[in-house]
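Paired with subunit B in one complex and with subunit C in the other, subunit A is shared by the two complexes that follow.
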Partner chain A sequence: MHNTLTRVQNVFGFFTSVAFAVAAAIAISVVLSSQTPSASLQLRNVQVVKGRPHYYSTKREEYAHITFSLDADLSTLFNWNTKQVFAYITASYPSDSPASIPESEAVVWDAVIPAKNAPEHHNTYIHPTKSTARPKTKKERLSLNKAYPPGKEPGILKLDKQKPKYQITDVSGKIAERNNATLTLHWNVQPWVGALVWDNRRTVGRWQGLKGGEAAFEFPPLKATEAKKEDLKTATGKEKNRGSPA
Partner chain B sequence: MFSSLGNLQPRQLAAQVLNFALVLSTAFMLWKGLSVFTNSSSPIVVVLSGSMEPAFQRGDLLFLWNRGQETQVGEIVVYNVRGKDIPIVHRVIRRFGGGSAPLQLLTKGDNNAADDTELYARGQSYLDRSKDVIGSVVGYVPFVGYVTILLSEYPWLKTAMLVFMALTVVLQRE
Partner chain C sequence: MADAIIEKARELFEGQIVCFSIHACAATAFLVGYITSNVYWTLYVGLGGTVITFLIVVPPWPIYNENPVQWLPAKGRGSADYDIVVDGQRVTS
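Right after this comes the complex of A and B.
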């Protein structure tokens, strides 16, 4: 039977098997790429103040405001199958009964770092730049508004006294005076096709584990006096992620 | 093509119909088998909204895993809002409890300005890992699921596809 229908079916069938095989090969081959991430993370300041979850709420909770400095090189995470790296910094602290309940953890800051060949999207990170001078040449203008400092490549982050993106609180509404807290850098590699990968602290095959990217700290007592509004600002970044929740 | 339907012997027709039923039941068994393997009621989901862009676009296919209930911050979970049956794919940004206490999660879409507190059921401020979450995203295939979005947006396509599939199976002769 060599009518048009069977021909179309055969072609489509062959196309899907080839596409599937190529996708599988790409997804598996990432274990051959070598990764050597490095990072140094420092806590710069932490304050705890009283606040409300939103304007119309009557609930008063304690919120922690954490500023940090980060110098990270995650550029080797960008291999042929990387679409983006979602880098994020969390604060973790022991629960009320550390023996039976694991640590609580909350994201303080995050950034979507796209690969160079990823299509443009409004929700990608824009790395802060030091110079406030207006760009003169076209090249200078193009090097601004990237997810990495001018002249560098995706995965490089150099943040000094970075304000948090989120103020955090505990489920109990109390977060002041907790000890043994840790600030940690994490990442999630989003592939073009295949498995999602999160940060590894131990070396796995050709993927070196991350050393550093951790900082121990303590949550201070609640601020008695009203904190200056300027000090408690969060930085949502210049990216326009203003979509409604859905 | 259609004239050949009349020429079919009753036995042959019955065999073809059985064949079609076999195809459908095999697909169903594969789906349920995957469901048992991953311990998730819906092991493969299609992204329906742009709230996780640019990581996931509408129509992307996600593979879920639901064994091991120790969901960490930064993982992307799929959950159903209580009382509504719409799966939502968002990232975990806070976690409390776990171990001997129930694990509570707060989620947020990468592309959203605010966290999901407003999306949850009335009076609920955190997700319950064991009750609300269907699974954690482990695998990703772009765009392939767009067919299902088309099918749900244009219901006549469903009928057309079913009729076409039935006809090709019945009319095909070995």
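Right after this comes the complex of A and C.
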């Protein structure tokens, strides 16, 4: 440690190594916290209609519009190392030849649920509320703009007759009358530091596996009569970045 | 004799200031964050401790120069111990 530059280099080099070690310690400390996620998912309605991928396309494909009800408690997934939880619901069904072709899985709905101390960004999920009355106090107004119902904490989802965010189709364009389909809730815990973790159905140490959160259904035949336009709308929540289908 | 031992101990101690300081900073940062369940506190305490360590170690504080090492006197110029020869000509050192 003979001149200033040497000292600066040594201290900074040591600092980066120690910072890495602290980050590793934070990531591993999450294993000690307990998680008890629970969910109950029900299918409300499925409609299959003919549609186009976009306005000017010539091919006509079948699209399934799946409405569901979800009652989930993912609040225990939020520990001090959680930045946000990405919750999503997929519809998966087997292919025509299960021996050689794996099953298809399409996302029907998703939500970005940030932790309370995560910084604001425009794509955050905004939990829908039943009451449409205008908020009277500032507290009420702020509580309506959150990713969780008013008075609860991040990770609680209470959705009834929720419209999907995306209408799904099969690669072949035909999704009507497919059987053995399942609607499943998944999540992805995105930490401040450390590895990404997806949903687990088995109990590992203090992390309970998820029970429930699945619903079996079957795709109905193509709708013969004209479906009402309001029935086929996708979820247009108040979050800014809704993408083109919404 | 005692002076020499104390001198050695002080050298060892000052060499470890950096180690100890940053280790302590990291440990407190982790604990503060864990206890308050807020990663931001870990970051603030960690960075603050690092800045303090930089301030302790990098600037040449006068305290560190109070007991300088006594170097041997430099060899006088033009001594006859050795010759420096460049292109066949003797050049004084």
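Heads up, the rule we're going with is that the second predicted complex is superposed on the first by the 239 of 246 C-alpha atoms of A that agree within 3 Å, B and C clash if a C-alpha of one lies under 4 Å from a C-alpha of the other, contacts with A are read in each partner's own complex, and residues count from 1 in each chain.
One rule holds in what follows: contacts are C-beta pairs under 8 Å (C-beta built on N, C-alpha and C of every residue); 3 or more make two chains touch, one makes a residue touch a chain.
None of the values given here were measured: they were computed from a predicted structure.
On the shared subunit subunit A, the superposed partners subunit B and subunit C are arranged side by side without overlap.
By the document's definition of touching, neither partner reaches A:L70: not subunit B, not subunit C.
Vectors from the Cα centre of subunit A to those of subunit B and subunit C enclose 40° in the overlay, to the nearest 10.
By the touch criterion defined above, A:L210 lies against neither subunit B nor subunit C after alignment on the C-alpha atoms of chain A. Contacts of A:V48 after superposition on the shared chain: neither subunit B nor subunit C is touched. Judged by the touch definition given at the top, the superposed model places A:L183 against neither subunit B nor subunit C. In the superposition on chain A, A:W192 contacts both subunit B and subunit C.
Of the two partner chains placed around the shared chain by superposition, subunit C is the only one that A:F14 touches, whereas subunit B remains out of contact. Contact with subunit B, but none with subunit C, is seen for A:N123 once the two complexes are overlaid on the shared chain.
Comparing subunit B with subunit C, the partner in contact with more residues of subunit A is B.
In the superposed model, A:V85 lies in contact with neither subunit B nor subunit C. After the two structures are overlaid on chain A, the closest C-alpha atoms of subunit B and subunit C sit 12 Å apart.
Counting contacts by the rule stated earlier, residues 1, 192-193 of subunit A appear in both its interface with subunit B and its interface with subunit C.
Per the touch definition, subunit A reaches subunit B in the complex via residues 1, 5, 9, 23, 53, 83-84, 86, 88, 90, 95, 97, 100-102, 104-107, 110, 112, 114, 118-119, 121, 123-124, 166, 168, 170-171, 186, 188, 190-196, 198, 236, 241-246. The part of subunit C that touches subunit A in the complex is made up of residues 15, 18-19, 22-23, 25-26, 29-30, 33-34, 37-40, 42, 46, 50, 53-54, 57-60.
Only residues 1, 4, 7-8, 10-11, 14-15, 18-19, 21-22, 25-26, 29, 79-81, 117, 192-193 of subunit A touch subunit C when the two sit together in their complex.
Those residues of subunit B lying in contact with subunit A across their complex are 1, 49-51, 53-55, 70, 72-76, 91, 93-101, 104, 106, 109-119, 126, 137-142, 168, 173.
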